[in-house]
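Here it is, the structure, as structure tokens.
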Amino acid sequence: MPDPEDQTLQVRIETPVRGILPPMVTPLLERDVLDVAGLERLVEHILAGGVHGLFVLGTTGEAPSLSYRLRRELIERTCRLVNERVPVLVGITDTAFVESVQLARFAAKAGARAVVLSAPYYFPAGQAELLEYLHHLAAELPLPLFLYNMPSHTKVVFEPETVRAAADIPGILGLKDSSANMVYFHQLQLLFQGRPEFSLLIGPEELLAETILLGGHGGICGGANLFPRLYVDLYDAAMRRELDAVTRLHRQVMSVSKTIYSVGHYKSSYLKGIKCALSCMGICEDFMAEPFHRFREPEREIIRRHIETLRAEQG
Amino acid sequence: MPDPEDQTLQVRIETPVRGILPPMVTPLLERDVLDVAGLERLVEHILAGGVHGLFVLGTTGEAPSLSYRLRRELIERTCRLVNERVPVLVGITDTAFVESVQLARFAAKAGARAVVLSAPYYFPAGQAELLEYLHHLAAELPLPLFLYNMPSHTKVVFEPETVRAAADIPGILGLKDSSANMVYFHQLQLLFQGRPEFSLLIGPEELLAETILLGGHGGICGGANLFPRLYVDLYDAAMRRELDAVTRLHRQVMSVSKTIYSVGHYKSSYLKGIKCALSCMGICEDFMAEPFHRFREPEREIIRRHIETLRAEQG
Amino acid sequence: MPDPEDQTLQVRIETPVRGILPPMVTPLLERDVLDVAGLERLVEHILAGGVHGLFVLGTTGEAPSLSYRLRRELIERTCRLVNERVPVLVGITDTAFVESVQLARFAAKAGARAVVLSAPYYFPAGQAELLEYLHHLAAELPLPLFLYNMPSHTKVVFEPETVRAAADIPGILGLKDSSANMVYFHQLQLLFQGRPEFSLLIGPEELLAETILLGGHGGICGGANLFPRLYVDLYDAAMRRELDAVTRLHRQVMSVSKTIYSVGHYKSSYLKGIKCALSCMGICEDFMAEPFHRFREPEREIIRRHIETLRAEQG
Amino acid sequence: MPDPEDQTLQVRIETPVRGILPPMVTPLLERDVLDVAGLERLVEHILAGGVHGLFVLGTTGEAPSLSYRLRRELIERTCRLVNERVPVLVGITDTAFVESVQLARFAAKAGARAVVLSAPYYFPAGQAELLEYLHHLAAELPLPLFLYNMPSHTKVVFEPETVRAAADIPGILGLKDSSANMVYFHQLQLLFQGRPEFSLLIGPEELLAETILLGGHGGICGGANLFPRLYVDLYDAAMRRELDAVTRLHRQVMSVSKTIYSVGHYKSSYLKGIKCALSCMGICEDFMAEPFHRFREPEREIIRRHIETLRAEQG
């Protein structure tokens, strides 16, 4: 068990991090109230799928919309439920440096193995500023850090050269890319050819197949909240280079994307779809933190039918 | 004095809010440490310019980069220093609904007169979601609310029709527009022709002259941290429709913009320039919250010379 | 009459260009067929409003969607119809340098007084490349050139420093700004304080009032196709600094914008609205060049009613 | 040989189109002057690499920057040089409908097999307008049409549902995607699972490996101007599912991208790099159409060294 007073960097995670690390949904009963029973069912549902880690408080976890109190409660309960079966990674992205550090310290005490951070997302920093920020931040963190490239939400890209320089900062172990720009991802792979222990993970599950086939390490895939085994199977097939299986499983992943994430008009369709589907599956509540709200009955009915079709497809 | 237990809406601000309400810089000694002496000098410097209010914890105040503890300290100290001489408005923009409410409650107890809020800036909400969010939020706030349109940082516009609908929510009294899009601002003016008590305030000081000439109510102008009297004079001249004076003062405002806000390469030039100038003027420290850092000596030297020129220009 | 063989620069236009220069709609009967009778009525309608010039083949003229043959026909017919009553300016914006030059030469022979050019709009050029492009181009042009800043369509801004440098190229006489960013426009005004003969014209009519009040030279306003007198009156009132009249006329201009330009969902609402309104007013056909199409009857009915209201408003 | 008078649709191309179809550079001696000898060497160099087709007048061919006269000369000469050894595809993208049609008719007479078209790129059309535009256009074309998704330059995406509907228009046979967004590409693949004859081709060569591994048909890869055999080998290895070879060749492709396309600051680095490299290799001149210009000696020296390294790498 980690000593809560010790602020030195704890690296208790194997590198490169490999496999499927689902970005866990945050189950809510109502505003600022965790769905504790749902959380327990969700953790067990995901772990039963054979995943390689669990990432809480990411975009899929609606982290920026949650109070700090609730974020801490979630970290604590999740770490206790997971109980070291897999590493828990905790999102600490924040516009305020101090709040990121405090959350990281809390996560370390709760037993998390690493933290994950995208660029500060109000003020758009330049690349040199970003790098300096990472230097300052990493020096204060008790856990290893994964960068999280998420320009659609942060307005800022971690440019490849910035990532290369950041990789020299002690404690920075890898990057999750959610830009959906595979040219960028392949550029990173080329840059890190000589540093195979730096983890390169993909966000969008639609890109998991090619990520693994071409040497990437894993995926932080939202759909693994719903069908964890599917993503683990795809990862395994790609690692074994079984292209027929990869093609078949990749199509199933695309089906999830095309159905569950595509109901309604807003950019939040992905989030609402996953949470609604989890609710239809009886796993947890689908209450959402503001500014979003759960799907109403017509959309829910569509999601319900999609789940049946997907289950049939997945056999 | 407000009763700290009373959560009902306190409207102690005259509408429409008129005049110059500087978005105050947050003076810092170092990370998470307020420059208390600098704050006092800054408040007195600004109030001595005859401004009509003071807005803390906006973009110019680096609010999103500050810890919640420091934000509360700043609110408390500023309200005490101002001591009801002018209304204090407090920025409560946050991606987490609960944190916005908590800050608003704290501000009410500290004696602030209103709060200011832009759209949640991580997840891009749709307009209907934004409106619902404002309904939920306003119901929890003990102070009147001004909207803050800031799409370059939040990725979201308060569309004119959304503003019109929001104006029907009790407690929402006006909007500050920092989009720099005067077509949008004039569209709002047209929409609110029949509701002259709804305040329409401009952010970019480069647009203050025309805002007032064409019927807008005031400006939340960063340069008023440095030269409060200049902006008050421009406001007054425009209210009196003295076009020669307006033209002369507008040019001086453009000079501030062209010099102080245009040193260095990044989008943060505006913020760094103001803070550096305040430091050169002996008013407060120019330490900046991450991810930014203060100007180094070469840029500081340029700012120093610009201030001299501007002072000569302003006579 | 200009000598058609003489390719040297003909400057037969007073600088700075001042007043209202409507960006004329291109009346079409069907694909690639000019509405010749409509063109004649339109030219007379606009000139009867007292405008100071006429700009053909701009964005409002759908120039990029027209064949070169039709563009030449339009130039020729318009110059003949206008018959030197006001200067005719011709848009020569093109992604191909050679085509711009050829159109400019044709325009010179037809009797146009100047040409207007935005940045090449397929490949996004850097500022140094833009400036070199303008050097090369101006050397080939037989007519003076106005720059046209239109970043929403070209993806490229003429940065203020680029404009300043371009103003030193012989033949470049001014700039029309359609960015709707008045901070940019005021920056240009500051830069050109010492060069009052360089014309600074505004595109969006919603910004005409403040442009003239604060020292700009004129407007290239689409609504002047419909109500040329309104825009001329607003220009005159602003030149005479009659703020009550300015405010009243500015509101009428905003009404045009809010009604005629806001029917339907697409970004083409402005163009479709103007063309439809001209058709409702019996001036010319509303056929549109691909990829757009004219409004159908329901939208037309709305436009028809808006015109009545606007006419009542304008008295 | 095609009958030049016959305007009915000529489909003389096997579907789906498969393999490597290089987007050919347009060799220029100076403004508006084709490098005829260079063109011949370039065509032979590319064909010697075993490519499956040739695409002229695309983005890499600087088509929008070329005069129509030169475009026609290029089409004619290229078709004659290729002499039916592989199909020639011709870009007809234009903002003017009529010009696209005229170029397509010219291409048909010259012996081209298909035309390629992105969205009109000045006015941003809505999806319904785009679809109507394609209906009108395809009806006028004598050759089959490939869509070209290029949002970075056109500002418009062909949404998946628009592509699905467009595929029902007679003569529309496929799509080239240069969005670099593989989620989009995989969505199209899912949509067209039941229509295997509709060609799905990738633009960015960095994505060629995964495109072919996961069922795409081919690539329109700029680097194949330089090293046609490399891209053909990668295509073949991916078709044969030899993952070790794919990985090795994919890395070589990434090396080309990282070296040749990354010299200089502007977005035009890709184009300038390819043209400069072709010149260094003695294949053709590197003069560029405005608004671009060729690399100067320092950049040229870098490119020269990169070519040596790449040749060593490719063995």
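Structural remarks
So that you can tell them apart, the chains are marked A, B, C and D in the order they are listed, and the count of residues begins at 1 in each.
Here, a contact is a pair of C-beta atoms (placed from the backbone, for glycine too) under 8 Å apart; a residue touches a chain by one contact, two chains touch by 3 or more.
Quick caveat: nothing in here was measured; it's all calculated off a predicted structure.
At the far end from subunit D, in terms of centres built from Cα atoms, lies B. With centres defined as mean CA coordinates, subunit C is found 50 Å away from subunit A.
Distance between chain centres (mean CA atoms), subunit A to subunit B: 35 Å.
Residue positions of subunit B in touch with at least two other chains are not found.
Chains touching one another form the pairs A-B, A-D, B-C, C-D. Contact residues on subunit D toward subunit C in their complex (touch as defined above): 31-32, 59, 62, 64-70, 95-99, 102, 119-126, 129-130, 132-133, 136-137, 153-155, 265-268, 271, 289-293. The part of subunit D that touches subunit A in the complex is made up of residues 180-183, 186-187, 189-190, 193, 204, 206-207, 209-210, 213-215, 241, 243, 246-247, 250-251, 254-255, 257-258.
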